[in-house]
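Next come two complexes, and both contain subunit A; in the first it sits with subunit B, in the second with subunit C.
Showing the complex of A and B:
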């Protein structure tokens, strides 16, 4: 398998604001990769750099072996409609259908027409005047019908109703299995889209927090639940991503695999272990970062999040350093 | 994990095949109403307004059969200026509001700038054909059957189709190009871009006027109409280069 996207040491700064800092990950050809993370994590900036729409401040980006910044060989094989895409004033769906084939060699006009009909995109309304969901549907039509070797979706579901979202997921999977290509998408609806994804990259505050297959991501953390006293004792010395306390009970998400030693410790401490879903992992990574400096105590029953001890914070910093 | 082979994908012919210049032209002309039909409407309105004004003059008792009347009527520059503002606005729109969509469809900045420059030139050619055709009609119908001078005017060559074609082509292309560079500067620098261009233009024109004033009579004597054509070509070249330059570093937004 070849690599479609290679990113090493990518940084992007806007004045004094750092949007991306030392980002590094690869995406293999013919896979669906999810770019996950909180608002402001750097997802859209990363997608824009990969699509050649933004120039990085530093680092190396290769798409199909080329620097994507203004390279026609990359651009011609890429489709990327942003979540806040700007449209010419009077551009309507029928103009999209008319010009699409000129831009993408693999454009499937029949697929575009049927998608537009199924997603109920109005033909005569200018895209600029469409509702948020209708504009998202136009972006989905372009992305799927383009059959671009690198198709990028930036939160493609915004404003779409549940039926339209399910339609998108179904059509994406169906078309992808018939015409495999590299798909990179950002999403906050992790539970809904988890089954589509093969690989995930989790960004937080411009840095990569996780870069692995979906199965590995799920196995990268586990949940622990029990009395606050028992859970606190169990968590001592472990990398805690998030905790949540109600009354005398506490649940926590802990980084790492629930191996035999962990299971033995849990049994000894009298706490229950359970696997976590991808959404839980991503949420925990985000909340751990947000509260990395806030240390609360669960004993008083308040919600709290973040490392339980300064030693945990040090360990996490060291892990991040090793990862990057 | 291996890296995609670079050599197989770096052939120049592949880059040429990937060029989006022609699709960008098609993208612009997908907006037929704005680029092709509205100018016709503006010309038609100008024609109608010019005729109404000249009918009013005739009804005031002016004899249209005299040489003096023809000379005066040929001073009417209405149709030459009527489109200028609209074309500048279209120049801005073709760059500022179309660039993000072109980028989304997989177009490089260079291809977009090339395609847009070509679109401006083709639009100017189209308008030139319209102007030449309407001048022909005006002359064939003895000035719209009533001595109405709209295209047979001094600023467009006083009935000379070659001068009218040059003026219409260069004037239209210049207006679109100037709009284009303003749009590109906005994409690159936001509102500061057009503001900076305006300030620089005002300063340059002011300095030029101040320098020329002492010898204005000599300049007026030496003036030849082809100076305007050369000036238009230079300004078009500067505008197109500026558009390329601004777009090179512009973010897609």
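Showing the complex of A and C:
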């Protein structure tokens, strides 16, 4: 397999704000890769840099072997309709469809027309005045019909109803099957879209937290439940992502594979193991780093945040020491 | 359609194997293509491909180049044999554990099974 997108040491700062910090991941050519993470994690910035619409503050980005910010060969092979895309005042869907082939060599006019009809994009409304859902539909039509070797979608479902989303997933898979290409998309609808993906990258606070095949991502954490006493004992020394308690019972999400040894430990500790979905893994990764960087509240007994790494544990101990 | 625990390709492979076992696909029948499975179950074609390859490795399906995927001769018996091997662990043991938790003793459980199998 060849690599379509190569990112190493990527950083992006806006003034004193760091949006991306030492981001590194690859996307193989011909795969669908999902970019996941909380709001503000750096998803849109990453997509904009890959599309060559923003320059990195540092690091290296290569798309099809070239610098997307400087090389027109990348732009010609990339399709990305940004959220804040500006259109001429008088542009309606008809004009959008008319200019498509000028920007994308692989433009399929028939696919564009049928998608616009199926997604019920209004014909007479200027694109500038369209609703959120209608604007999303326009972006989907352009994204799919452009058949670009690299197609980027940034939360393409915003404002779409359930029927339109289902239609998008079906048409995406059908067209991708017939015309394999590299697709990079960001999403919060993990339960709904995870089966479309082959690879996932999870960002949190500008850093990569997970970068693997979707099946491995599901196996990268597990849940444990039982009495607070038993669970607390079991969690000692493990990479706890999040915990949740009620009365004397606690459940926790733990990073790592539930291998033979973990199973044996769980049985010995009298706690119950269960698998977690990708959505839960991503949610836990987001809450864990927020918890580890926040001050730990000693009186918040029901929902405590465990340490994620030995360094975090040290920091927490230091914070507690400083308070007492 | 798919649950959290096991990888999606594994679940799809189990489902296709179940269809072979139940006779939905007869031996020698052509099954759907990878892209058709992907479209029908709304999953990534690579994931569907992994499921099909797994069944090829297990001798349930075989590929006829340029034509498609077919159910292998003897696939049904092979699958039944595999499932018989795990039947006790997957079905009988949970049944016995649940019965014990409810205070149903072995003799009572046996009577209930007899009743089910004769009715």
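Following the convention adopted for this analysis, the second predicted complex is superposed on the first by the 293 of 324 C-alpha atoms of A that agree within 3 Å, B and C clash if a C-alpha of one lies under 4 Å from a C-alpha of the other, contacts with A are read in each partner's own complex, and residues count from 1 in each chain.
Keep in mind that, in the parts below, a residue touches a chain if its C-beta (ideal position, glycine included) is under 8 Å from a C-beta of that chain, and two chains touch if they have at least 3 such contacts.
Worth saying up front: this structure is predicted, and the values here are computed from it rather than measured.
In the overlay built on the shared chain, the residue A:189 is in contact with neither subunit B nor subunit C. When both complexes are overlaid on chain A, the residue A:277 reaches subunit C alone and has no touch with subunit B.
When both complexes are overlaid on chain A, the residue A:197 reaches subunit C alone and has no touch with subunit B. In the superposition on chain A, A:48 makes contact with subunit B only, while subunit C stays out of contact range.
After overlaying the two complexes on the shared chain, residue contacts for A:102 are found with subunit B alone; subunit C is out of touch.
Touch criterion met: A:219 reaches subunit C, while subunit B stays clear of it.
Ranked by how many residues of subunit A each touches, subunit B and subunit C are led by B.
In the overlay built on the shared chain, the residue A:32 is in contact with subunit C alone; subunit B does not reach it. Listing the residues of subunit A that touch subunit C in their complex gives 31-32, 169-170, 173-174, 176-178, 195-198, 214-215, 218-219, 274-277, 280. Across the complex, subunit A is touched by residues 2, 4-9, 35, 38-39, 41-47 of subunit C. Interface residues of subunit B facing subunit A in the complex, by the touch rule stated above, are 1-6, 9-10, 14-15, 17-20, 22-23, 26-27, 30-31, 33-34, 93, 97-98, 100-101, 103-111, 248-249, 251-253.
Of all the residues in subunit A, the ones that touch subunit B in their complex are 1-4, 6, 26, 28-29, 48, 51-55, 62, 64-66, 70-73, 75-82, 85-91, 95, 98-100, 102-104, 142, 146, 148.
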